[in-house]
Structures are given as C-alpha cells and as structure tokens.
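Accompanying notes for the structure given below.
Read from first to last, the chains carry the letters A, B and C; within each, the first residue is number 1.
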C-alpha cells in the first residue's frame, strides 16, 4: 500500500512563496499528473515528495510512514529526471543495477531484474553501452528501467518526455502508460504538456502560482474547470470568456444574447464556452471573422465578439473568410460561468 | 546537518587562507611600520634612502609598462589564431601553452643561453660576420641589452597565461554574434574590434590583473639575466631579507609592491568595468 | 584546410579571380604567422636543450653549434654536483605535499561552492579571489619568522604550506568548475537510488571528476615546482632546485646553469602535456 498524503506542504525561497499550503492525496496505484505552467511549483512539490527539497511546513506521508525528514534513499521511491541523469561513467547494465547494488541484492537477483526491465523498455541490446553512445530516447528508456528495477512503491517523474522530439514523445507516452499500468506503483508525473497529462493521468492536479487549483479526472478537468485558470490553461485553443450582465432571475445577457445561467449570483459574472462547443446558427453571438486557419478535420476561426477576441472550432466544410459576419450559438449544456472576483466556477 | 555541511567543507580552506594568507600579510604590514618594537617609519626611510631603491622602483614599473602591452597584443593574436584554426588546433594550442609550465628562473636561463657572451646570439652574429668578436650583452656597458633580454624573456614566458585566459574567454562568446556581424557586412577586423573585443572584456580584465601583478613580482628572470645590473623591487626585497638581513626594510618593500599591485588592480577594475546588465 | 583540398579551388587552374588571390595570400600569411609563433615558443627551449645535451667544453666554447652534441657530460656534471640531488628530491617532496594539501583542502571547498547556496558564500569567494591581487611569494617574509618559532623553518612542510597558499585558490576555482560541470541530477538520482550523500559523491561525482582533479593536482605540483622566491627565502639547508639554482647563479659554471634549467623545464613540458585538455576548463572559470 502506497498512498501518498501531502498535508499543508508549503515552501518559501527567501521572500518568494513557491508553494502555499498544498493538500493532496494520491491513492495507491494511482497515476497522478501535476500539470501547470513553468514556475507554478509543480516540480518543487515533486522534489519535496522525493526528499530532494525540504518543505518549509507540512507533512508528507507515504503509506503509513511520515517521510518528510527522511533522506530520499529511505522513502521507498524511485525517480526519473527531466535530463535522464543516466550515469555517464557506467554502462547501461550498471546504471540499471546501481540502486540494486546499493541495496546489496544478490547478483542473481540483480541480473534477473536488470534483464527483465531492460526487456520491458526494449533496451536489452544496449546493456553494454555507455550513455554517451545512446540517443535521447534510449537514455530515457534507461532512466525508466533504472527506476522500475527498484520495484518502488512510488515512482516520481519530472517532465520525463520534455527533452524528446515530438514523434518520439508520442511513442514513449504510449509505452510509459502501458509499462506503468503493468507495474503496481503509485506514480506522480510532472508535466507542462496538457495533452500528455490528459493521455496519461488517472487524475490531473492543475497547479497555478503555488496552489492546486483543481484535482480531478481528465474529462472533468476539461469539461468542468473548477476555476477560470483551468479553463484558460487546458484546451487548445483554450476557453472563450465574455462578460455577462444580469437580465432577470436566472438570466444573463452576453454580448446581446440572453442565456439561462446561475440564479444565485449577482452583479457581473463571466460566461465561458469552449471553441468546439460553438456552431453557426440563426440566433447566437454576433461575431466578425478576423483570421481563418484550416486545420484539416476542422477550421479554427478567430473572430471578434463584443470587441473581444473569440475562437471557434468549426466544421471545415463551412466556408468563411476574414470580414464575414457569423452568429455562433453556444451549446447550452456546455456553457460555464465564473465569478470574476473569486475566479471560481458558478453553478 | 545539511545546513552546516557547506561550512564544514569550507572550513579547512578558510582556516588555511586566514592563517597563511591574511595573518601573514597583517604581520608584514606591522613589521614594516615597527622598528625594535616601536612604531616608526624608519624602515620606509631607510628603504627610500637606499641608492638602489629608486632604480628598482622605476625599473619594475618600466618593465611592466613595456612587457604587459606587448603581451596583451601577442596574447590576443595567439588567441585569435587558435580560435580561427580548424586543423591542428590542439597541437598549436599545446605549443602556445608550453611556457605556462616554465618557471621564471628556467625562462631566465633559456634566454641566458641566447644572450650570454658565448651564447647563440653571438654565435649567429659572428657567423654572419656582423660583429668581430662576441659582444658582452649582459654587462653593465649595455643596460639596454639587458632590458631587451629581460623583456624578451618575460614576453616569451608569461604571454601564455594571458593567451589561455583569452582563448577560454573567446570560447564563451557564441559564434552567432560574429556571424550576425558578418551578415551585416562587418569585415574580419571590424568583427574583432566591434564584437570580439567588447565581449571579451571580462577575460581581458582577469588576464590583465593577473599579468600586471605578476609583472610587479618579476624576480628570477632578472636575477638570471641581469644579475645585479638591473635592480627590481622583488630582487631588492630578497636582498634586504637575505643578504642584508634587515627584515623591516624587506617588509617595507613588500608593502610597496603590495601597494602598486592593489593600485593597478583597482585601476584595471575601473577601466574594464563591465556593468552587470551588459553581462551575458 | 589546404588550398588543394578545398573543392572550390581544386578544379579551377585557369585565371583565378583577384579576390581568390587575396584570400590565398591571406591564408599563407596566416600560416606563416602560426609557424613564426610556434618557432618563437619552441626555438628558445630547443637552444637550452642543445646546451644541456652538449659536453661542458662545448657549452662554454664558442661559437655554438645549433645541434646538440648528445653528450651526457653536462647533465652528469649537474647531477653529481654537490647538493643537486638533494635539491631535486626536496623539490619533488615540496611539490607533492603542496599537491596533496591544495587538493585535499581545495576540493571540498570547490564542491561546497558548486552545490550549495548559503550565507557567506560571497565572502569566501572574495577571499579566494583576493589572493590573486596579492603578490603571494611575499608571504614568505613574515612566515619565515613564524616558522622559526614553530620549528617549521627550513623544512619541506613549511615551504609546502606557502606553496599551498599559491596553489589553493586555483584548486578551489578549478574544482568548483569541475563539480559545476557535473549535473546535480546525477547526484540526486544516486540519492533516490539508495545512496547517502557521501556514497553519491564517491560513486558518481568522483569517478566523473577524477581526471579533472588529477589535472588540477598536476597544476598545483607545477606551481610549487616552479616557485623561486619563497623557496629561496624559506630554505637554507633543504633547498629546492629553484632555490639552489638561484643562489648559485653567481658562482656556478654555465653547464650547471643550463643543465639545471633543462631539469626545471622538462617536467614542466610533460606536465603541461598531461593536463592540456583541462587548461581551458581551468582558465575559463577563472574569468568569473
């Protein structure tokens, strides 16, 4: 059992606060992705769990043990680093065996584990090579094999795919998912790439400015952002936002269009819709097309609604040109509302 | 423990430098202003009153004034050559760097082999019939020849250290800057003057400070080539300490060398100051 | 590199453009310059070697020949000269102690500078860099007195301590750059794989830093081997080779001087050759 509990973990560097009292529980065998822009504190949080960084406050529990205060070696974790950190003075075999030798396992067991994990990562033919003779992708495989060979309760991954080129990243992503599903470890995976996060995660924790804004399964995070930030960060292109003014009980006016919305709110609120949840219709938001980008399966249209930029993903059969006027109707069940003060979602 | 670790690691080096660097300099400073246990400027008076002091002082400055600019030009040339080389770079670099490992005394002896009366220069000159018989270059009759020999030996020996610093510095300048200047139509010489040299300022500063201080410490080269004909400050310090057995005056001389070293460092820091915002 | 191998120049023997002429002339000038600079460095050493490898009679004779007589006479005379063997041995010992001390003290400091941020770091760097603005051999003057009081006068260790002051700043800065060149992640990876801090240093950092550390050790050795002033001030009976040669300059015959010069130069040549790959790593950081 390796449930990870993070309780009130905070970190300050001098006067800069990298983490504000973070609470998060990662269930046993869960694949949790920490997602956020660079500088949001996601790597700091991961390093605190690893023991490479000391928290300024709070507790970290792995299973039934409180581990903050323990050295990394005593936490039962393994880690994959962004730049792989494959030891250049050791062969691939010795790299994978490194942690096992530290544990003083018998040679036969070391052999068994090295071979098995090398096969798992398809690098069994590279065991005698040095890291200087490997490509980036191969080094990445060695780093993963080295972590898996420890048979840890917890694997921590810090942007492991970000140094690979696009095609290789796609391939490794699918492979990692398969391999880690087969192992029975709890995984924390840090990335700034939302597609990576979506495709890998059981649950995504979106971070912003040292706080976890939302932790939920990928579809929920996408469909029901708990905060304006999540909507604007996830999705490519991101959500559209427009100001809304009250128009009677439970009704709001958005750029001249009357829509049903939250009844409990007062004053100005924000209307939000994903670009793909818009369609041309006789009645809708009046938009002036500015840029048209055909993408194949659909066409990305950047328009102007009430003077603000507004994007729509439309069917590619639809012929539009800059300067055209469109009325775009939002799908009623996909409309979300946010409180501009708290930035939180309204229901 | 982790918070104490860096201090623990620095402790030996710090302690060593305090005991063998700061403390001795304090001692020598005190020594220079005391005479038989009492505060006094007698050491300085005695030093300044000695007939060789003025010569030693000006010789040292003159030597540095001649040698350092030549070395700067030569080191820049060598560094540019090395940076511009494609094939054989490592070999040429090694050859250029050889004098780095050669002691000033050995350098003096190397040039003694050339300049002494039965040396190679005289062999060459008589061989070509340019002189009747060997000239005594390093005698008191030829003060300029002594100076020339010392300058050559110093330039030969100590240019390498500047060259290596400058090569390292040039290596830190991204190639793109030069290429960008080339695209905008700068000639090779303009690129050197407008791009390389300004970006090299931190390295130039290091190289010059190091070199000027070493130039003030010139000693063994002079001892090997000039003997007593060409007094310099460091040699006089050695004489007062060793031959004349007057540690007070030796200390005073040491303070003079220290003073001109610090003055030169400050001037160079000022002159080649690189503002923080302009650093890459 | 050469004109013949450049694809543009090879198949065009007929009437080359003037621009190509200028470029070719420039290339020859450049090459002549390189040759001249190499000669400038090498010829004086060669001439010293000619003297060292000739019979004593040739060394004092005139005119000189430009090829050595390959007579071991001068070297044998030098080695058998009263005090030379001891001086050589003293030089080696002092340099060895200097090497061990400066790396032993300097490497931990270099490691601390490269891996930690802590209050006082700037002060320490200042202290190290300050040593560069001071004429260090002068330290020998006050230390001469101090050593007499502590019984370190005229001793190998006493001189080695002064030489360590010379070599230590270099050792600190060189090891600092070496350790900085080894990614922290390698160490962190080792920690997550079950290493203590010390184990990670021994198993991961050291194997990677060792060639560089060896090079900086050689550098420390050369600094001590070449030092003249402090050696001459601090040693009387136990003179090093440099001190011995300096103090016998006025009285020793030419063959002794030149053979002694060669004895000083040859190890330096070997050392510089051994550490040539690291010269720039060392000095590159001296810039900061």
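Keep in mind that, in the parts below, a residue touches a chain if its C-beta (ideal position, glycine included) is under 8 Å from a C-beta of that chain, and two chains touch if they have at least 3 such contacts.
None of these values were measured; they are calculated from a predicted model.
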| item | value |
| --- | --- |
| Pair of chains ranked first by number of touching C-beta pairs | B-C |
| Most distant chain from chain C, judged by the mean position of its C-alpha atoms | A |
| Most centrally placed chain, judged by C-alpha centres | C |
| Chain A-chain C separation of Cα centroids, rounded to whole Å | 53 |
| Centre-of-Cα separation between chain B and chain A, whole angstrom | 58 |
| Rounded Å distance, chain B centre to chain C centre (Cα mean) | 15 |
| List of chain A residues in touch with chain C within their complex | 50-52, 71-73, 77-79, 81-83, 85, 87-89, 98-99, 102-103, 146, 150, 156 |
| For the chain B and chain C complex, residues of the former touching the latter | 3, 5-7, 9-10, 12-14, 16-17, 20-22, 24-25, 27-28, 31, 77-78, 81, 84-87, 90, 92-106, 109-114, 116-120, 122-123, 126-127, 134, 156, 164-165, 167-169, 171-172, 202-203, 206, 209-210, 213, 216-217, 219-220, 223-224, 227, 234, 237-238, 241-242, 247, 250-251, 254, 257-258, 261-262, 265 |
| For the chain C and chain B complex, residues of the former touching the latter | 1, 30, 33-34, 37-38, 40-42, 44-45, 47-48, 50-51, 60-64, 66, 104-106, 108-109, 111-113, 115-116, 118, 120-121, 124, 127-128, 131-139, 141-146, 161-162, 164-165, 168, 172, 197, 222, 225-229, 232-233, 242, 245-246, 249-250, 254, 257-258, 260-261, 264-265, 268-269, 271-273, 276, 279-280, 283-284, 286-288 |
| Touch list for chain C against partner chain A, complex | 183, 185-186, 188-196, 199, 204, 207-208 |
